[in-house]
Amino acid sequence: MIPSLDLLLALAFGNLGLMLLAGRNPTAGLLSMILYALQGWVLVMLMPALAEGAASGLAFQVFGWSLSWELNGLGWFFAIITVGAAFFSAWFAAGAWGVQGTRSPWAFHVTLAANVAAMLLLLASRDLLTLFIGWELVTWAGYAMMIQSGGPATRAAYKYLIYGVAGGLAVLAAVVLIQVQAGGLGFAAVAAWMPGISTGMLWALMLLLGVGFGIKMAFLPFHRWQAEAYGESPGPAAAFLGAISSRMGLFGLLILLVHFIGLARLDELLLPLIGLDARILWMWLSALTIIIPTFIALKQNDARMLLAWHGIGQGGYMLLGVLVGSELGVAGGLLHVFNYATYQAVLFLVMGAVVYRTGTAHLDRLGGLITRMPLSYVAMLFAIIGLAGLPPMNGFVSKWMVYKALLDEGLPLLFVAAVIGTLGTILSVFKLIHNVFLGQLRVEHEQIREVPFSMWGPMIALSLIVFITGYMPGLALDLVMVAQTSLGFAALDYHLGGFVTDTGNLNMLAVVSVLLLGMGIGAGIFLLGGNKSKRVHQLDNYAGGHFLTTEVRYHYSHHFYAGLLRLIGPWYITLIKRLEGGIAALTDTLAAGSDGLYRTAYTPILMLAATVLGLALVL
Amino acid sequence: MNQQNFPVQVAPLESCREPGPEERSMLRKVLDRVGQYCQSRSLFVLHYCTGCGAIELPPSMTSRFDLERVGMQPMVTPRQADILLITGYLSVKTLKRVILTYEQMQSPKYVMGFGSCTINGGMYWNSYATVKRLGDYIPVDTYIAGCMPRPEAIQQGFLDLIERIDGGRAVAWKDYYRNYDRYLGHQQHLFGRDWLTPTDVVGEAAHYRLAGDGTLGPHTALLDQYAGYHQAWGVPREQYAELEASS
Amino acid sequence: MTQQVPEQLHAVFREIPGIRVQHDSERRVRVTLRADTLPALLELLKGRGGYLHLSAISCVEWPESDEFELVYHLWSYESKMMVSAHIRIPRDPGRFISVYDIHSPAGFFERDIHEMYGVFFDGAPDMGKFILTEWDGPPPMRKDFSTLGYVNDTYEWQPYQPEWLQQAEQKGARVLPQEGPDGPLRKTR
Amino acid sequence: MDFDWQHMLIELLVMPTLAFVVGLVMVLMARRLRARIERRVGPPFWQPLWDILKLYSKRTQVSHGHMHEISIIVLLGGMIAMEVFLPVPGFDTFAHHGDALTLIYLMMVPTLGMALGVSACANPNGSIGIARALTAMLAYDVPFIITVAGAAMLYGTTSLPEIIAIQQQQGLEGWGAVQMPLLALAALISMQAMLGKEPFEIYVAPAEIATGPMTEMSGKFLGSMFIMQCFQLYTVSVLYTTLFLGGGENWATFLIKIFVVVAIPMTLTNIFPRYKTEAVVAWLWKWPTAIALVGLFVVMMR
C-alpha cells in the first residue's frame, strides 16, 4: 500500500460510505476516528516525496474535459490540518456527546466525512474545473453540516448557502472566461498564460475569483454569514468548520494571488485614482478584516458568536502575512493557519462541553464553572492565550512573524492596525473566559460535573499541541516550509526555537523556559515565603459590610467593558449589515413585482412578446 | 441543597495544639522576630467609620500629624487591613457589620476602641439601641480615653499599640479563636439563635491550629444546628418555624 | 412687629367646627381640633392657604389621660407662618387615618411614629420596620417601656470597683445613682 | 545562539533581585514625592520592604481556589521572566533571544495572569477593576505601539541591545528622544497610563471599586501585588530608557536615567484627579496618538 493520492481519496470516500451505512451504531465515531488517523498517516508518509516537489496524482477524461488531481505542498499542508481537525472533532463526538449531546450522531458523522472528502478533492485539484467541482462540493457539505441542530441554524445555513452559491457562480464565470480566453484550464497553463493578459482582464479575473474565494473565507465585505452559521452549528461541527472550513477560501486566494498573478505583478497593478497598488489594497482589506470583526466580537453576548467573529478576524492575519512577500511574512501567515486551527478547535469544543452540561452558551447566564469543570477551564485557558497571541502559546509565534515582516518591509501603519486587532482580541477573550468560568457560580449550576473523558480528551490533547508548538515552533514550521516552497518562496532558515534575523530574533525555547523558570521562582517565593492560606466559600467575600446570600447575585458579567462601549458604542455603524439588508429588500421587491406581473390575466401575450424579443436579439 | 458546600463545616479539632513560640526552631524564631518587627512597622488601618470619632482620623493621617511616618496607611477592604477602629458608640445594627468586617480581616489583627462608649456604653449607657461593652463581641487591644480623643491621643494610642506588637504582647486576636464560644454566645444573645456570619471561624481555628478549649461549646453547637436552615443557598428566615417543626 | 394672622387663615379656621386657635408667638399659629376634622383642615390649608409643606408629624404620649397627641407642622411659603395642628387620639386602639394622599412625606413620618410609638395609620403606604431593623421588642419610645430595665436585662456592665470608689461608698457618699426610676440599679453580675 | 545553562541561571537570579531592589527604591521615591507634595514627612527608608515582609508574615490568608494561587505564581513568574529580557548594562545576553515585540507581549502575561486570579476571587469589584484595566491597556497601547513602530523604522531593527548600540554610537544626539522627540513625548504619556498613574488610574480607584483587583487579596497575595508594582515601575522605566534615552553605558548613568524617567509620572499623579473610563480612552486615542502619528510620519519621511 504505497501512500498516494488515490489511497487518500479512497479512504476519505470509504469513510463517507461507511458512515452512511453504519452511522447509527455507537462505534461509528470510533471507526471514523481510525479512518481519519489512517488518512493522516497517508499524508505524513507523502511528506518526504512532496518536500522535493514530486506529487502523486490521477487524471481521467469526462465528456472530453480532462479532470486532473495532484497533491502539491500547499494542498498537502491544508489537508493535514483538515484531517487533524476532523480527527479531534470525531473523537469529541465519539463518546457521550454522540449519545446525549446531539439529536442524530449519524448526521454529524456523515456530514463530517463528506466535508473531509470534499475538501481533499478541492485541495488536490490541479486544474480550474476540478477546483470548481471541489469548491461546490465543499459549499454543499458545509451547508449539510450547519443545518443539523435545526431552528436558528437552518436560517443561518440558508444565508450561508446564498453567499456560497453566489461565490460559486463568480468562480464559474471566471473559469468560463479563462476557458474562452486561454483555451486550457490546467494550473500550469493558466499560470503561463496569466502574464500576457491585459490589466483590464486581470482586474476582471481578480475581482471574480477574489469575490468567489473571499466569500468562503468571509473576507471583509462578505463576512456577514459566517458568525451565525458557525456559531449555531453543534459543538464539534463548529470546531471543524471554525478550524479549517473557511481556510479553503484562503487556499483559493493563495493560488489566485500568488500562483497565478504573482506578487510582483500585483505591485504594478495601480488603482486608477488613488495610486494605490493592488497588493497594498489587498493588505489593507485584510487589516480591516482583522480589526472590525474583532471589535464586533467584543460586543457579542453569546460565546459561540464571539468565537465565530474571531474566526473572521484571524483570517485577516493569514492573508496579511502572505501578502507581505518576505519569507518571514509568508511563513508567519501559513503558520497562523495551523496555529489558529488548533486553538479555535479547542475553544469551540470547550463551548460544546459547556453547552452539553449547562444547556446554554449565553455569557450572561453562566459563571463560576471553574470549580465544577476544571479540565475544560485549563483547555480554554491554553486556547485563549493562543488566540490572544501571548508568549507561551503558538499564537504568539505566528503573530510575531507577521509583525516582524511588516516592520522589516517598512509598513508601520499596517503593523499598528494588526496590533490593534490583537488588543481587541485580548479584551474579548478575557470577557469570554471570565463570563463562562470565573466569578460567582450560579445556584442552578451547583450540581454539574466535569464532562467525560471522550470530551475533555480531545480538548486537552489539542491544548497540549498549542503549548508544544508554541514552545518549539520549529515542529510546526517543518510543515509550513513544505507549503512555502511549493508556493514558490524561498524556505526560511529557522531552528527549533525560532529565528535568527539580522533585525531582531526570537527564540521561543529561551522565552518560554525563562518564563517557566520564573514561575518556578515565583512559586518558591509565594508558596514557601508566606504562611498557609485557607480556601473560603464564594459568598465569604467583601461586599462593603453586606451579608451575601444567593438571593442577590453578586457577579459582574452583563455589559462587560461598559466604559469602553460607552465610547465606541456609536462607532458600530453596521454599514455592511444595512447594505446586505438593502440588497435583500431589493430582491424581495423585484420578486414580488415580477410575481405580480406574472400572475395577471394576460400572461400568454407577455409570453409571446418575450419570445419575439428573444428571436429578434438572437437573429 | 446538600450540606458540604455550606461555609460552616464544624471541622474536628485536631488534638495537637500549636507549638508555643519557644519550641520553634532557630530559623523559625528569626523569621518570627522579623515578622513581628515588620508587623509593628507597617500597619494598615481599615477605612471604616463606625462612629463619631472617625473625623479625628483625617487630621492624624495628613500633614499635621502624618502617621505614615510610623508606616501606617489607610486601606479600603478588611482583607488588606490590620487595625479596625471602633470610633465611639456602636448601634446594634452597626455591630453586625463590625463583626462581619472583623472576621473578614486577616490576623494578626488589632481593634482599638475610642472613648468610653466602647467600655461601658458612654453617654448612651441607658439607650436600648447601643451596645455597652465592645469587649463582649470582639476582642479589643487598646482603649483610648476621650470623647472623642484628639489626634495627639490617637497618635499616642497607635505608638503604644506598635510598642506592644513589637514586644509580642498584642495577641487579643488569638483570644477570638480560643474563646470563640463566649463571643458567639454574646452575639447570639443580641442577634438571636440563628445568628451567622459567612466566615467559618471554627474552621479557621482548626485550619491554623489556633483553637483553644473555649472554641467549641453550646453556642457553636447552636451555630451548627441553625447552619442547616440558613444555608448559603438561602433558606429564608421565615421558613425556619415549619422546618424546625418538621425536622 | 406682630404679624396679624392673615385673613384667609381665619376663613379656613372658621370652616372647621370645634377648632381653637392660639396665636401666641409671632409667626406660629397653634390650632387644636377634633381628630376626625384634621384631614379637612389639611385639605383646606393646602388648597386655600398655600400650606404645601408638611415638615413633620410628631407624637406626644399622655399616660395620665391615656392619649396620644399628634402634631402636624405645616408651613406656607406665601404667608411664611407655621401652623401646628394638635389632635388627641385614644392610646389603646392607637389608630388614626393616614394623610399620605394629601402630603406624601407623611408616609415616612407615620412609619417612624408607628415604629417608635405603635400608632397604626390606616392607608399608609408602608407600616414595616423603618430604622430599627434589628428590634423585635415593644415600641421603644412609649413611656411604659423602661429602657433602663431593658438595658439592665440585656447587657452586662463593666465591673469597675477601684479602691477610691469603695472608700467613698463606705463613707456614705452617693457616687453612682443607686435608685433608677424603677428600682435599684442592679449590681453587675 | 548557544545556550549555556550556567550563565542563564546566574542571570535568572541576579536580574530579578536587582529589579526588585531598584523597584523598592522607586516605590519609596513615589511615596516620598507624594508626602512632600502634601507637605508631609513621608515613610521611612525601608517602608516598602517592611510592608511586603509584613504581608508575607500574615498568620491567616484567604484563598479563593487553586486559580487564585496559580495566578499569583504566573504574576510573579511573568514579571521575573520579563526582567531577564531587559537589556541592562553588563547583563544582556538574554536580551538577544527576544526583541521589543516579545517584551511588549511578555508584559501582558502577568497582567492576564493577575486578571484570571482576581476574577477567580468571584468579587465584582475585582472584575470591574480588571475590565477597566484592560480598557486602559487598549487605550494606552495604541500610541505606544505607534512609537515602537517608529523606533523600529528609525533604527531598522527591533532587537533591544542593537538599538542601544546604535544610540550609543552617535553619543547624545544619537538618543531616541533627540532623533524623534514627538514619539518620545507620546511614549511618555502612554507610560503614565501604563503605570496606572493618576489621570489614567481607573482600575484601582479605591473610592469607586474598593481598590479593584486588590479587593480580595490578603496577606501574601497582596504582598505579591506590591512586588509586582516594584517590578512594573522598573520594567517600564528601563524599556523607555532603552528606546529613547540610549540605554545604560554604565550603572551610574543608567540608574539616574530610570529614576528621572519614573519621577515624571510620579509627580504628575499627585496633581490630577481620576478620569472616567471612556474619557481615558477618548483622551489617549486623541492627543498622544496624534502626536505619535505625526512623529511616525516625520520618521518615515527621513
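Order of writing sets the labels: A, B, C and D. Residues in every chain begin at 1.
Throughout what follows, contacts are C-beta pairs under 8 Å (C-beta built on N, C-alpha and C of every residue); 3 or more make two chains touch, one makes a residue touch a chain.
A quick note: this is a predicted structure, and the numbers were derived from the prediction, not measured.
Where touching is counted per the definition, the chains common to chain A and chain D are B. The innermost chain, defined by the distance from its C-alpha mean to the mean of all protein C-alpha atoms, is D.
Of the two chain pairs examined here, A-B and B-D, it is B-D that is joined by more C-beta pairs in contact.
Placing every chain at the mean of its C-alpha atoms, the farthest one from chain B is found to be A. Inter-chain centre distance (chain A to chain B, centres taken as mean C-alpha positions): 56 Å.
Chain A and chain C have Cα centroids lying 75 Å from one another.
Rounded to whole angstrom units, the spacing between the C-alpha centres of chain C and chain D is 63. Averaging Cα coordinates per chain places chain B and chain D 37 Å apart. For chain D, residues that reach two or more other chains under the stated contact definition are 57-62, 210, 215-216, 219.
Shared interface positions of chain B, defined as residues touching 2 or more other chains, are 77, 79, 96, 204, 208. Pairwise chain contacts present here: A-B, A-D, B-C, B-D [touch as defined]. On the side of chain B, the complex with chain A involves touching residues 5-7, 48, 77-79, 96-97, 100-101, 104, 197-200, 203-204, 207-208, 232-234, 236.
If you check the complex, the residues on chain B that touch chain D are 31, 34-39, 41-42, 62-63, 66, 68-69, 71, 75-77, 79-80, 106-108, 204, 208, 210.
Residue ranges on chain D touching chain B, taken from their complex, read 31, 35, 38-44, 46-47, 50-51, 53-54, 57-62, 206, 210-211, 214-219, 222.
For chain D in complex with chain A, the touching residues are 1, 3, 8, 12-13, 16, 56-67, 69, 72-81, 84-85, 94, 96-102, 105-106, 108-109, 112, 115-116, 119-125, 127-128, 130-132, 134-135, 137-138, 141-142, 145-146, 149-150, 152-153, 156-159, 162, 202, 210, 215-216, 219-221, 223-224, 227, 276-278, 280-282, 296, 300. Listing the residues of chain B that touch chain C in their complex gives 92-93, 96, 119-121, 125-129, 131-133, 136, 189-191.
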